[in-house]
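Next up: the structures, one after another.
Both complexes below contain chain A, partnered by chain B and then by chain C.
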Partner chain A sequence: MSGRGAVGAPLDRVEGHLKVRGAATYANEWPVENPAYLYPLLSTIASGRVTGVDASAATAEPGVLGVLTHLNAPKLAWPNDPEVAALQSGEVAFHGQFVGAVVAESIEIARYAAGLVTLEYEKRPVDVDMRADRDDLLKPQHAAIFGSQPGDLQDGSSADSAVGDFEAGMDSAIHTLDATYSTPIQHHHPLEPHTAIAVWTDDEITLYCSSQGVHLHRTLLANAFGIDASRIRVISPHVGGAFGSKVFPVTWATLAFMGAQLVPGRPVKFALTRQQMFTLVGHRPATIQRIRLGADADGRLVALGHDVVQETARAKQYAEQTVAASRLMYAAPHRRTTTRIATLDLPVPTIMRGPGEATGMFALESAMDEFAVSMGMDPIEFRVLNEPAVHPESGLPFSSRHLVTCLREGSRRFGWEHRAPATPARSENGWLIGTGVASSTYPSPRLPGNTATIRVGADGRHTVRIAAADIGTGTWTTLAQIAAEALDVAVEDVTLQIGDTDHPLASSAGFSSGINCWGTTIHAAAGELRAALNENGGAVPDEGLEVTTDIPDNPYIAQYAMYSFGAQFAEVRVHEDTGEVRVPRLLGVFDVGRVINPKTARSQLLGGMTQGLSMALHEAAAIDPRYGHVVNNDLGGYHFAANADVGSIEVHCLEERDPYVNPMGSKGAGEVCIVGTAAAIANAVCHATGIRVRDLPITLDKLLR
Partner chain B sequence: MKPFTYQRAGDMSSAVATVAERPEASFLAGGTNLVDLMKMEVLTPELLVDVRHLVSHQIQDLPGGGLRIGAGVSNSELAADRRVRRGYPMLSQAILAGASYQLRNLATVGGNFLQRTRCMYFRDVTMPCNKREPGTGCSARDGQQRDLAILGASKLCVATHPSDMAVAMAALDAVVHTVGPAGERTVPVNRLYRSPSDGPERDTVLDRGELITAVEIPAAPIAARSRYRKVRDRASYAFALVSVAAAIEVGDGAVSGVRIALGGVAHRPWRATTAERELFGMPATEESFRAAAEAELAAAWPLPGNAFKVPLARNTVVGMLRALTEEAR
Partner chain C sequence: MDQEITLRVDGKEHTLTVDTRTTLLDALRERLGITSAKKGCDHGQCGACTVLLDGRRANSCLVLAVANAGAEVVTAAGLADGDELHPMQRSFISHDAFQCGYCTPGQIVSAVAMLREAEAGWPSVVSEDLDADEVVLDHGEIAERMSGNLCRCAAYANIVPAIAEVARS
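Take a look at the complex of A and B:
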């Protein structure tokens, strides 16, 4: 038995056979006895308060077990966080907010009875006007909550930054660019909706739910209900996608708890509908971004500025690191970034795959392309010329940075040298054809709050326990591979246990931190176990051996800047009559350190690029300015890329190993792949048509002649 | 969803009588649109009278050419029928451009004509809508306008008809056969839909309890080389921003026959009679096509959010006629 080769092997998902047979249990499928069902009531105004409730017809309906509103809902110990608390007052801060719920013997009765509850409202004027010239923009101050860092922005960084003298740098530049880009509200919409089964007894509260982090969900709910966390058990072994929407927003689980309190001992089932997911589980906030670039006669950047206005909710402030990538991608002696928020009567935004970088890099990488073209430079050579030796703001060296290799390797694989320098590039059967490139980046943070337990039995089997999450990414497989290598045993001899608060503490799946944090913790525990075995002369005692270890500090955190990188290439076709855009080809080359499992990594990278394509061409919430609601609130109206929109996607990972991020040599892979895709496509569209679309999504009306 | 009663009708006359007499009753066939709208409580029938087994599931040749299609034929069967694919390719293409395999397998030809609009304000019961609740006003007109009509709309309603199939049927001069409380009658597809200015709550001229039993497509040699082109916001699974069903015949360089109908632009499949008239006898050139399309669209009354549909419709019509004439050379 040997663990050599466990990491880096393209293993099939260990739970794959369960999933294809329908035998993997998802949250709403747990076999429970005699469940009751909950159906929520959502506000139909965007701003105001509930002034009257008539639940008599609903209560009188046979099969209805109870109607919850702010008038009778349990008072929570932590009532003010609208991503956790529900029904604590009659205040309405956005359209589609929970204002009540019906618990009934069947889902049909609950849903019907919900329609019988009459609510009266006092309405306030609705303000959903997203503009960069509002006079009430604020500098954000993000509240620190569990799993997030204190700071202006949700990743703990500052809203603004400055190096040198930006205005003087711009004044000194020979070439300049000043352009404004915008991105709309976008939605997560994992295949599996947010669902919960809650069982409330005097002893224990059990929650089967769809979660990116069971311990965080337990902490949030324990705080909200003012009960000891040890009374709550959260179980979530399989998650049908999340993209960030199953980390912080848990009002749906809160409502399930309240329903369960109404019928103690009886399981209460609750699944959000697709329509309800548009307002209750977060969204990617809209942005308006001004990029200013200045360069010398040779095309070397002398000034780089990125000013962001981001939409946030009146109910709760959320501000993300849209400016983050502009702080590290390219060298320039004079630089500034700013972040301001527009507070609107809209649902609460949250992290969504590549939060900050995904939108920020659409702007920066579009601007880099525009600027290169305006100076007559090749977009790749322009980027290479401005590659920084160290992090341009902090001055730290990068733990590993192979962006130029990604650009060069991608160029070779894509056939960039055959690219027509002029626009329009080429026309074929009524379609204009163009190509574009953009860079990608995402950090590899190490989060606290991780503990792993490994037990080896006399039979030589190893059981690894950590409450990590597999949101479809392959955690069940990759953590077993990491454990096998670190323990030097075969993958088959490792039993992994995740997705349950009965297992040790783990940070949530997010920020491309999962493998980094959980893997590092397992690696450390494996080292301790092997040391303990050595002390025992190499033999496993009859009663077995168990160690429990917390995530070690990374001694290099203050010494190196730690990021993944990538380069993405797109070929597009734009119809000359109609402006329809097709993307027959995408290619991505990524620097994500050592790849734990090439098969699951490829799957994630393909998925991220597909989501990036979807962001480029399709995704946008249509907000009604008068009512403040999401008008296109179903999957017929809110478009994701369909199969027919996706052509060939190729991904390639550099065979590099990062020496400092973690002992496995890996960096984050789940989010870098969505960063830059939209810009690569926008740049290709401009190459094909000469039309620069600075406002996502790139719909045909923007390209019609 | 409100509770309802399901009834499998024993025969046609009792089904018609039941729905005619009871305002809360509705026919049920494929249910692909009706059941969705019931879940959203946009429609709240208390009684569903299932008639799928009562209407014909046959596609028959008509004596003088043409086809008679039973109302119960599924969308999939009609699109796959060899006579349709050879004689009326625009119809097959139109059907295949709509919905999904699963929906097309379930949806009927009769029901396809009677789909309700996809206007998101109609589908949201919390919004004012003259089509759903007469007299409450139109909330779409000053709202999100991308999917709204540019032709034939009224201040009362700017919704579009969502069907692809009906666009081809309009171009083919198809005629629906019905049975109702007053007996049997025929209605040309181009006269089936009512103008929204006459009260948008009623989509068609059919009476309460009147049921489509079949549709007849007359012989049309011109349709053997015809096409349907659907332009939408993604490559599949989306309703048309603009669609065009077209066929053209050219003799000695001049247009000797032409059929054009547009989808996604009006409350009904929009037969482009002005463009057809303008084109007849004209040289089959890009200039003629463009002039004809512009003549048709001169009546357009776009809103800021859907004004792009005017050049989009023009370009799509021109592109279709260009492709059809080039193909014939």
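Take a look at the complex of A and C:
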């Protein structure tokens, strides 16, 4: 059997037959004997400290096994990281922070008893005022990967950048634009809440949990509890969605460990409620973004500026690369970007699908549209005119960049040529109809810390082991396809094993890096295995053959800028009387390199576009300025796109192989698809109505004039 | 307070003792170890816990187990006939109508019940003619009738055609 054609085949998901029955085992579903249940207590103030605890009524409740607060919780070896540590002091840094927990014989008892614990607080004034003119804005420092790596911003880049002389460039421009955009706090809300089953014995500590990276979670927890990582096993083969919320925030797992220490040997089950997920698993931070553009008489950009103010938490600094896409999308000789943070009494923000680019490109791509219209240019032609030959800041060539092809191909498929140039574009039965376009981009980073083991048995079966994650991304299927092709065997002859720290080290699912990191490592291991087989005359020895390989270095990383690109098109209808916005049609054309599995990739791309639609129209946390809590903290109050919110979505991939990113020729696909969607919709809304909404989400109150 | 009840789940009878505060969903998942129905919100807002309760789709997190003693419950696991998947399950796989799969059992149970509702002539909020004998399940009707089942992976663009294909056959 040959593996030729394994990559590129639109295979059904290998675990699909389990998922359609509900038989894929998610974290809270592992069969364990006689579990105890944990229910947490959350702070009801946003700033201050706990001054009194009365747990007597809860402790006296039949079936209660223990009450944990900062007074009796185990002291952690790593007590100061609020994304990992819990209950280490009475300090409260945000509303909805863990301040205690009840462990009991059943869910019902634990939850009831939690309500019997009374806490007294000393309150401090609450500051959740997100404004760009605050006098205490800071330049972020050492925020890369949450302070674990050098670099100001999460992606390791600097907070500010400059090329040429931006102000002089603006002064020399014939046309200028100066506009400010804002985006609210948004929440990931994977449908599977953050759940854990923890079992603590003297020998081994087992954590079944919902994780984007089992090895990262193990390291964080081992550090927190000051124990050897080899004692901990983290198991997470199926993850019910994550979108960034199941990487860095692990206080829920810490609490589960503390509960498990209370009843050694007995499994402790813990699931965050949907309401609790609003404060404990990160959020997409709010931003205020000023874009300034200057162009010559022909519409060629001479200056491009992007200044960002982003909200972060008093408890921990998080600063993302909101400006990143502005550094690479369009040519302009004079350019600058800046990032400042507003430190507020809010929960800790974290990465959320397309962190930085998703919000940054709402601003830049809205501005590009506004500017094109103000100069009387077609928005596509304006972008094509300003396509850079190399990365405008670093000067590196792109490993592959087919943005113009995406725009042209999208234009053809969408029927852009029929677009009315004027606004309002068209009206039909009381609905104003308009169309819009925006570009997309996202990097294809290679992360360290990946190792794969491949074993071939005498029966010809290949077992591939790497502690990767499938968060709905299709990893179970696509990594088997990559292995099959690299080993030149049929996909059916590959057994993949992922989602368990018993398997070799793997980076977390995120940053659109899965295929690039795990796939490259498997590809390298497959090459070594084939070489070893050749040495053995091509035959598998009776005892089988096994190789273990680390991710190889990619020498091209220093020579090329590596990014995915895309063009997104939207048709919207805005009701003339009510301002209601509908999106009957979305089209995305993507340059993501070679596609491993067109079926699962398409799902990922249209899922991202739908989340982009949801970001455009629906999603915003409402924060009470007096108390600092999320007011709309359930799925009724915080609406994200439901079935009836979505019309036709079409996805097309160019299938241009990237020569430098990895041996498969694939670039990242998981995040480029959410980048630009909101701008395409905002641009279409403006085309339909003439109203430019610069503040997400585009709700009907902003369209009623 | 505890109470002994009987539930018939996916064709099998179970006698169990439940706290009177226990939801049907928790009775299934925590007491019986039947985890096909998922807990997404525990609040009636996501549909992940959808089961057929005496033949009709219901959010099992919104009903108490004790109030449904003797009920007949069907989960997505019970729709399959042994190894033979239900046509709706096969259609979800071939259309890739899910990613993470967490909403999927609820979507599938909901879709199966929804087709029966449409067949019985029940109108939805987007139906033009409330008295029509036959409901034409176009995109708008399916999307509306399935909007009680959220999918954060946003597989909607595949869920609708997956259901439409079964509806046609």
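As a working rule, the second predicted complex is superposed on the first by the 698 of 705 C-alpha atoms of A that agree within 3 Å, B and C clash if a C-alpha of one lies under 4 Å from a C-alpha of the other, contacts with A are read in each partner's own complex, and residues count from 1 in each chain.
Simple rule for what comes next: a residue touches a chain if its C-beta (ideal position, glycine included) is under 8 Å from a C-beta of that chain, and two chains touch if they have at least 3 such contacts.
None of the values given here were measured: they were computed from a predicted structure.
**Student:** After the chain A overlay, clash or fit between chain B and chain C?
**Tutor:** Once both complexes are aligned on chain A, chain B and chain C fit side by side.
**Student:** Where does A:A24 make contact in the superposed view: on chain B (first), on chain C (second), on both, or on neither?
**Tutor:** Second partner only, chain C.
**Student:** Just chain B (first), just chain C (second), both, or neither: which does A:A641 touch?
**Tutor:** Both partners, chain B and chain C.
**Student:** A:V239 in the overlay: touching chain B, chain C, both, or neither? Say first, second, both or neither.
**Tutor:** A:V239: touches chain C, not chain B.
**Student:** Which partner does A:E108 contact after superposing on A: first (chain B), second (chain C), both, neither?
**Tutor:** A:E108 sits against chain B and chain C alike.
**Student:** Taking the superposition on A as described, I'd like to know which of chain B and chain C A:H618 touches: first, second, both or neither.
**Tutor:** A:H618: touches chain B, not chain C.
**Student:** Using the touch definition from the top, say if A:H189 reaches chain B (first), chain C (second), both or neither.
**Tutor:** second
**Student:** Count the residues of chain A touched by chain B and by chain C, then name the partner with the higher count.
**Tutor:** Comparing touch counts on chain A for chain B and chain C gives C.
**Student:** Now for A:T473: first (chain B), second (chain C), both, or neither, which partner does it touch?
**Tutor:** Touch status of A:T473: second partner only.
**Student:** Kindly classify A:E546 by the partners it touches after superposition: chain B alone (first), chain C alone (second), both, or neither?
**Tutor:** Neither partner.
**Student:** Between chain B (first) and chain C (second), which does A:D160 come into contact with in this model arrangement: first, second, both, or neither?
**Tutor:** A:D160 sits against neither chain B nor chain C.
**Student:** After superposing the two complexes on chain A, what is the shortest C-alpha distance between chain B and chain C, in Å?
**Tutor:** So the smallest C-alpha to C-alpha spacing between these two chains is 5 Å.
**Student:** Residue overlap on chain A between the chain B contact set and the chain C contact set?
**Tutor:** After superposing on chain A, chain A residues 108, 112, 636, 641-645 contact both chain B and chain C.
**Student:** What does chain C use to touch chain A in their complex?
**Tutor:** 19, 21-22, 26, 29-30, 33, 35-43, 45-46, 48, 75-77, 79-80, 85, 89-90, 92-94, 96, 98-105, 108, 126, 139-140, 142-144, 146-147, 149-160
**Student:** Help me check something: in the complex, which residues belonging to chain A touch chain B?
**Tutor:** By the definition above, chain A touches chain B via 44, 108, 111-112, 115, 430, 577-580, 582, 617-618, 622, 624-627, 629, 631-633, 636-637, 639, 641-645, 699-701, 704-705.
**Student:** Under the touch definition given earlier, write down the residues of chain B that touch chain A in their complex.
**Tutor:** Against chain A, chain B makes touches at 1-3, 41, 118, 120-121, 124, 126-127, 139, 142-144, 146, 231, 233-239, 241, 308, 311-312, 315-316, 318-319.
**Student:** Tell me, which parts of chain A touch chain C in their complex?
**Tutor:** Interface residues on the chain A side: 12-13, 15-26, 28-29, 31, 106-109, 112, 188-193, 238-243, 271, 273-275, 471-474, 599-600, 602-604, 606-608, 610-611, 614, 634-636, 640-649.
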